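Two complexes come next, and they have one chain in common, chain A, joined by chain B in the first and chain C in the second.
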Partner chain A sequence: MSEVSGAANTRPLLEKAESGRPFGLLLVAMPVFLVGWLVIWPIISAVFRTVWHRDSQGNYGFDLSTYVFFFSDKYSLDNLSITLWTTGVCAFLLLLVCLPIALYLRFSEGRLPAYVQGLAIFPMFVPSIILSYAFIRVLGPNGMVDLLLNAVGLPKIRTPYLTPWGPVIGLVWDNIPLTVLILLSGLGNVANQSIEAARDVGAKRFQVLWHIILPRISNSILVALSFSVLGIFSAFTLPYVLGPAAPEMMGPFMQRTFRDLNDPLSAITQAVVTFSFCIVFGLFYVRSVARNQGK
Partner chain B sequence: MKRRDFILATSAAAGALMLPKMSLCRRRPHRLVHEFSDSNILDFWANTVKPKFEAANPGTTINLVDAGDSAGVQSIAQRALAAMQTSTDPQADYFEAADPLLPLDAIEAGLYVNMKEAGLSNYDKVNPLAINSDYSLPYRGSQVLLAYDTTKLAPADVPKNWDDLVSWIMANPGQFIYNRPDKGGSGGNFVRRAIHQVNGLDPSAFTVDNYTEEFGDEALGKAWKVLGDLAPALYDGGAYTSGNTQSIQLLAQGVVTMVPVWSDQVLQAIDEGVLPDTTGLVQLQDLALVGGFSRSVVLANGTNKEASLKLADFLLTEEIQSAVLTEPWRFSRRVLGLYFCGSA
Partner chain C sequence: MSVLKIDNVSKFFGTTRAVDDFSLTVEDGELVCLLGPSGSGKSTLLRMVGGFAQPTAGSITIDGEEITRLPPEQRPTGMVFQSHALWTHMNVFKNLAFGLKLRKLPKEDIDRKVEEVLELVGLSGYGGRLTHQLSGGQQQRVALARSLVLEPKILLLDEPFASLDQHLRERLREEVRDIQQRLNITTLFVTHGQDEALALADRIVVMRDGKTEQVGRPDIVYREPATPFVAGFIGTMNLIEGDVSNKVFNRAGFQVPLDIADGPVTLAVRPESLDLSVDDKNGQAIVHRVTDYGTHGLVDMDLPDGGRLKSMVGHPDMFASGQSVKLNPTAIAAYRDQKLVHRSQ
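Moving on, here comes the complex of A and B:
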């Protein structure tokens, strides 16, 4: 008895934590349940359905034929490679466009940067279907750019509409806000003092960027890229409206296989393949978050 | 009488893009009228059919719901079939346009009302040529035409048969484009016309009953060569737009000279100034680009079957049929609707 009461007297904090535990678990239960129900379970079910299904004789069994077909079908592989190409090019261009914007916003003051930031965030509020039609009006054949060029006597541009560059331009524009915001929050971690100190010992602008800033924000770059890559990989509207008829990106390809060809099994197989690529980027993100929390 | 609700579904050209909207509508557990067509048809239902029907039938409300596209309607039909097996409410009543042959065996299962025997007072007014099943009710038609820019191509020089069209496309590379058939009917019917061309110009050669895999592969396969030969002379060396609207847009921007279009859409586009007055319309004279009828079906297990049949009958009245002809498209001479005259 005395031992118990003694323990209770000396460890009030622990008791408090214990009584709070069910409440804490209750708070996370809902999101965990939703993730399990709406994300984890469909993944397990999709993987299971593509490897364990009825074969041509009507017997249920282990069967990888849909995967064999996907990886031996030239059209499917072309679609996968155009998706990877689009994702890669978009990620590169996003970094190229967004890093200078984020650096500018971080290191300048006044009214102008506020306007620049507003402009950089603006694409977030434009639905992609409206963006698509605006794109056709501006960059499409005989669009506004052509009209302006024509007015000053220059030749027309080779329009990216209905080519793989169409979705690239649209997706980059669409993903600028998220990337800029994440990079900007990363740049918030870079202390002014460390930059001033580097300058004091004679570091040039590029050296400051390379040795001081980039190492501090490499995590944010990784997070920003994995976020946008996840979105771009499974993009639908922009590639559907702006992209070429064939090859098509995985989003429109899956949708067409499912709805127009009435072939859910192949569509799920495509989805599992798409998911496998996305999970790699997802793991990058999870790892960097975990590493951050460990600090 | 109990207040009745219907929900009608329609879609825009890029129907699939409207998926989020569709799922929102589904949240309302009601009796539906589903439709798939371009958005101008939804406008027509919302602004003409609904008020007129509700005025004629006090206490009845039509609830229009957009099902996205034909595949969207199909998935609702499949659910209705499943609901039939468990004797539950299919939460749908009426499809503005659907094929009663789908889903498979739906007619045998009794999913759709037999329109011929449903006792519709106006059924005998339907053009018999438009009827392809007792289980659906053709109530409006639209044809696919070729729209062209008269400032670049004089009406006198316009190709009026398939061979002239092909030689015109070949002689003017980059001036013609059609959309991918799965993304819209204007390109779909252009492809169908190519299939008719290589099969003796006889659309009646293709029926549901005479289909065999060999016949299909042979008859349809021949069209690949025709379309493949055309490809290099299309816009951008073989590009395809992603829908009916996008084809019209390219014509409007003066990029191409000619595109296949739905008659209702192109007239609306001209009317609204999307296309200039200098837009010409032509139909092939050797065999028209087919186009099609919108055929409504009524679900036999819908909770408002009676009201649905009343609506079906109402669509055939002169009031609605003359509206079909004039209101949304102002195409009185060249024709939509049941009294379809074939060429423009």
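Moving on, here comes the complex of A and C:
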């Protein structure tokens, strides 16, 4: 008797779940369509246009000449190198700056950490263009730092403005909030008792950090670095305003090739190369996260 | 020989006194339970012994050596945490070997010690398992093994069985007691479970508001509670407020001869010391509910003024709700101004 009533009770639930399926699909249909239209299709289109285009005789066909040119052109390779260098240095500096901030915020109590957190998150609300001009006014030639040094009779600094270090400083500053927030979220999963247990068995502070905390937040570090690397690699505003004219990062390089040189095919090739590097970072991130979760 | 001495230790959090002028000596090989309700300061005290909190005043010594200001990593103590606090990115072997590696022991010694302690806690062959592949009881054993493998002078247990089910808790506490006695390790155990304290401890320290309420052997604390708080906290106790007049305690018709001065008093009677007999004419209480536990029964009764009493009976089927019963206490204690003024056995 009870079995019959049990079966009768479960049927409406199943029917309800099945009847809700089209509605659920409908809900995701619009975002999926937009991703397909605005992201996937342009990628496919860009790749297709760089490998299937009109040659010098005016015939359409498969042609890798734009890629051959990119990877044989010293200027293009220098731009790619400076982009990789900037990305690597920024990622390293972000970890160096943000990890101590996140550790401090996680393991401190009181009002001061709240102010520090506010300060660390503040760059998130500053547009890149404002940040760029603030940078110029502070660290640029005859900027605030130079004026202050001059006031106390010291020589001017060698300004990082229009050097490879200009975008590095700007991009690091710009990416601090997201990196701190992701690391902080990871540190939130490290229980105080885990740390106390490590100290109880004899671990000093650095040993606790190295053996207990860092392995536990490796996923968060990976996520933070992946997000930063993807953003920095394809950054435009900060490298455009603060960086050197040559070599330049891929963002400004694409824009100049497209607009100043009026060479859309080469610009699209540069975009595909940039995207390829980003997708390698992305795949590395997905693989690492999946492997860590598997553990 | 490892003796833990806590001398006049206090701990303030702002204006709140978590531990107030607390003193205790735990003898070599002794297992002392700190027992008290939440907020009584027992965990704070344990954390101060472990080095995770600094006393505001007082001193802590182990074998005569002061450790009050030493950081946890320099103390000869081992702590087992309530949440196990195992490192989930390491397997069981690495959890146990971590402390030994920090001490730079040779690999052979580490392997041997880890294997020995795994055998001690009944987890031989589990070294390669990840901690999330273990049950709650096994995780707690690993946590215990992690402390024991370092051969601490003092073992500190902070409600280690709180997250386990009743059956497992009972089994594990027996195992912990066996291991503690086999190793003869001085142990300080924090719990708010009276049954745990009664079953495990050589001595119980009942704490309340950061102070010692009573210290003694479990049987003494149970049978001869020094204050109404201890009487009410350890086991089940009927605490009956009433008045003594002409050497007779009276509360709503429930009268007991009591040879003390006249005045208000709290009478304490254990349910097992309160005999009942059905008496329709001269009954002092009305049976409210009878609960049969198989081995014994518990009768809840109401006094005429609404006061609730409990009695443990051998044959619960002799009683029924609504019956009038006569009360006959066989052992009582009386408290006045939070002090014991009378006890009869």
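We take it that the second predicted complex is superposed on the first by the 265 of 295 C-alpha atoms of A that agree within 3 Å, B and C clash if a C-alpha of one lies under 4 Å from a C-alpha of the other, contacts with A are read in each partner's own complex, and residues count from 1 in each chain.
One rule holds in what follows: a contact is a pair of C-beta atoms (placed from the backbone, for glycine too) under 8 Å apart; a residue touches a chain by one contact, two chains touch by 3 or more.
Everything numeric here is computed off the predicted structure, so don't read it as measured data.
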Chain C versus chain B on the shared chain A, clash or fit after superposition: fit
Touched partner set for A:N142, first chain B, second chain C, both or neither: first
First, second, both or neither for A:Q255, with chain B first and chain C second: first
First (chain B), second (chain C), both or neither touched by A:R216: second
Chain B versus chain C as contact partner of A:Q207, first or second or both or neither: second
Centroid geometry (CA): angle chain B/chain A/chain C, rounded to a multiple of 10 degrees: 150
Touched partner set for A:E196, first chain B, second chain C, both or neither: second
Touching partner for A:Q57 - first (chain B), second (chain C), both, neither: neither
Lowest C-alpha to C-alpha distance for chain C against chain B (Å): 46
Chain B-facing residues of chain A, complex: 129, 133, 136-137, 140-143, 162-163, 236-237, 240-245, 255-256, 259-260
Residues on chain C engaged by chain A in the complex (per definition of touch): 50-52, 71-73, 77-79, 81-83, 85-89, 98-99, 102-103, 130, 143, 146-147, 150
Of chain A, residues touching chain C in the complex: 191, 193-194, 196-204, 207, 211-212, 215-216, 295
Contact set on chain B toward chain A in their complex: 14, 16-17, 69, 71-72, 180, 182, 236, 239-243, 246, 249-250, 253-255
